[in-house]
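In what comes next, chain A is part of two complexes: it sits with chain B in the first one and with chain C in the second one.
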Partner chain A sequence: MIWLVSAALAAEPLDASVGAGVDLSALRGSARHDVAAGFRLWGTVSPQPWSATFEVAVIPHADHSGLYTYRTLDVDVSAIAEIVAAPHATAFRAGLGPALVVRTTTFVSDATKVANIGVEGGLRARVALDGPLGKHLAWSWHMGSTAHVSGVDWDVGLGLGVAL
Partner chain B sequence: MHGWAGGTLKIDGYRHGGRLRIDAAEAPDGSLVALDEDGLVLWSFAAHLGDAVQQLDDRGYDVSPIFPVNVAFSPASFMDFAAVENAAYVLGQRTFILFPDALDNVPLAANAGVVRHEFGHAWFELLASGESGGEIPWLSASADGALAIRSLNEGFADTVAGLLLDDPRFIDPSLVLPERDLTQDSISTGLYPNAGDDPLASLTYDPYRLGSVYAAFAWDVREATDPDAALALAVGAAQAWGDDAVWEDSDRYVLHFIDLADGDARDAACASAAIRFPHLDSPDCP
Partner chain C sequence: MTRAAVVALLLLTSTACSTLSTLHGAEPLAKGKHEFAVGVSLQTASNSFSYVGVPIPQLEFAGRWGLGQDVDFGFRAWLLGAGFDTRYRFWHDERHHLAVAPAIGGFYIPSVGGSVEFHAPVLGQVDLARWAKLSGGPRVVLRDQINPVSMPGGEKGSIARIDVFAGGGARLELAMGRRAWIGFSTDFYAQPARHAIPGWSLGLDFAFRKPDKAPAPNP
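Moving on, here comes the complex of A and B:
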């Protein structure tokens, strides 16, 4: 990761973009995957044919019943080293990198409120397509999977950003 | 206990899905906290089941033949359990099934009463048939007899839950059901399945109504004695009913209950039976 950051800081003149987008995630639970919508921030530096993408995904989710609400908030941070294929303006990226998966839970009922946090390391793989949108903007689509101690999460998302 | 996610529930057995593993984090006080609602449901189910088994063990009942059991979480099934149940026990298959998404607005974490009720079914099978798992002997009963036995099974399960928690409204924390209140003035008249009923009536027969009368009968005895005494009589009656193997007659359970009782318990059982089962003529009652 340090190498990636150093490489990114030293990379000039590199194509780069930052942006934000919406995600649809299937989050692994104790018995099944829960589907939840969230948002994701990304930043990519691209010394082709390689690139490095940094992501922060935030996925809130709540289960309600007559007596309690169970809220979860997943925050996933990842740094991915990618190989790039960009014969035209649109680039295809596929890569792998470390991830940190943080889940906070809050159980709320009339009688009690219990909050907790779980932190797990993991490995994230993703494929993405991105490209310029006009002169200053950038678009991005991705599909990814994060394997961590508790299981495997899946996500797909679309974003809009700024070309740097 | 083996926990499985999904899988398929069929008449001839449960084809399990993947193994369940509860995602959890350690709280500052050292306890483990589930990190998702499904985990909370599973954990509370396992904890309540463990408590129920311990309670019975403390009272000298051996329920070990029931174990190991499967816990199937949201299995696929041709039977539409999810429309009417959030938990069930499959007789003959040593399998609990949980449908956490069933019934709008019902708290999904299995509560103490629901788990004890479902465990009551497993215990009923053991007491009445002498074994856990395998072929159910009363499957040979007529359609009406089978429905009456379902009622008795539901009533025994409510009896177990109510007496172990010593709460006649044991199910209220999960689902407010006044008709399952064990202190209600219910009578059995008109609640039995009839041989003349059409097939649709059999399909829509509600076993809980007659079951609640059996449970209320046991609760009447508990009010005159104590929970352990009433439970012992219910257990003995279920065992004796199974030994009789007269499957068509679920009310023999009541007669055995009275026969096994003595003193205040006998008086209370006779008084209750006279009101709740007016058609019964017990030789043990004045």
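Moving on, here comes the complex of A and C:
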């Protein structure tokens, strides 16, 4: 573990990276926030002490019961302006930016099938850590929140990418 | 005090399933340094019945290990649960520190269920004096609660929901001699995901660690 930490601190912070990762999201439902696993693509350009991160998150979710199935598919797109602090190769980022949330819902029961699509604007905030893994790879951790017209979603995730 | 009384006291002070208390500041341990701490707190929102709002006592044990410059690793353990975090100090000067400490934790009770939770605290610290440190900052906690259910027909399933705690904590650490510190903490969290009552924690902890430098020899 000490070797891993030493290696992570010794290199230079990332100038730019792209990657993908897994997310655990808290998606607002009818009566509670449901747990949903998804994936997220990200791209970061980092002219320190600022950076810009672009994200696309895809979060499928289904609620099953004996009477109905309720499926949702969220696609969230965001562009975040961040402040960066990177005393070592691992960089801390905190930022805020606009988001677009597209939610597709399908309700299926024995008698009914109803589909709907909604598009909402919103605001996304997140904190993140990232850094290089060797010469060519990059890692990322984040926790974020997206506020939009019909609610607030929360997410935490880990990703692996490529240093550019 | 008899052994049975000690065990009873430990159980009485360990009844929360998780913890929301802020147990450390923003200054990581130097590489190779260790710290051990024990904390007691009174908390709401730290268990499955968090919406009830009844304060519940919690006892926890914690350890930290300095891994490198500006990075240390910590664990916390309580009745039926545990948590781990990595603290990364991303800015500091002589008396001020800023860090982030991503953490994962959880608890489990067979046949009742449990939870997995993710913490993202951003911590600031001011060294008021060599013997006094004030720290705190915002924190978001995502707690994934999972409980098994049995239906009347014998069918089995599970119910999951995710609880969100958004708020923060603050703590004051005071030196008690060269190796021991006493800490006072307070935390306050809104639960925006389900509009439940706010969660809070009031804590007291004792930490033991080697001083950074040996005292200068007497002339």
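The rule is simple: the second predicted complex is superposed on the first by the 148 of 164 C-alpha atoms of A that agree within 3 Å, B and C clash if a C-alpha of one lies under 4 Å from a C-alpha of the other, contacts with A are read in each partner's own complex, and residues count from 1 in each chain.
Following the convention adopted for this analysis, contacts are C-beta pairs under 8 Å (C-beta built on N, C-alpha and C of every residue); 3 or more make two chains touch, one makes a residue touch a chain.
Being a predicted model, the structure only gives us computed values, none of them experimental.
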Chain B versus chain C as contact partner of A:T105, first or second or both or neither: first
Chain B versus chain C as contact partner of A:G118, first or second or both or neither: first
Chain B versus chain C as contact partner of A:T72, first or second or both or neither: first
Larger contact residue set on chain A - chain B or chain C: C
Partner chain(s) touched by A:V156 [first = chain B, second = chain C, both, neither]: second
Which superposed partner A:L24 touches (first chain B, second chain C, both, neither): second
Contacts of A:D34 with chain B and chain C, given as first, second, both or neither: both
Touching both chain C and chain B, counted on chain A across the two superposed complexes: 28, 32, 34
Chain C - residues contacting chain A, complex: 31, 67-71, 73, 88-91, 98, 100, 102, 118, 120, 122, 140, 142, 144, 160-164, 166, 192-194
Contact footprint of chain C on chain A as seen in their complex: 1-2, 5-6, 9, 24, 26, 28, 32-35, 85-88, 90-92, 94, 127, 129, 141, 143, 145, 152, 154, 156
Residue ranges of chain A touching chain B (in the complex, touch as defined): 28-32, 34, 63, 65-68, 70, 72, 103, 105, 107, 114, 116-118, 150-151
In the complex with chain A, residue positions of chain B that touch it: 5-6, 20-25, 27, 33-40, 42, 73-74, 100, 105-109, 173
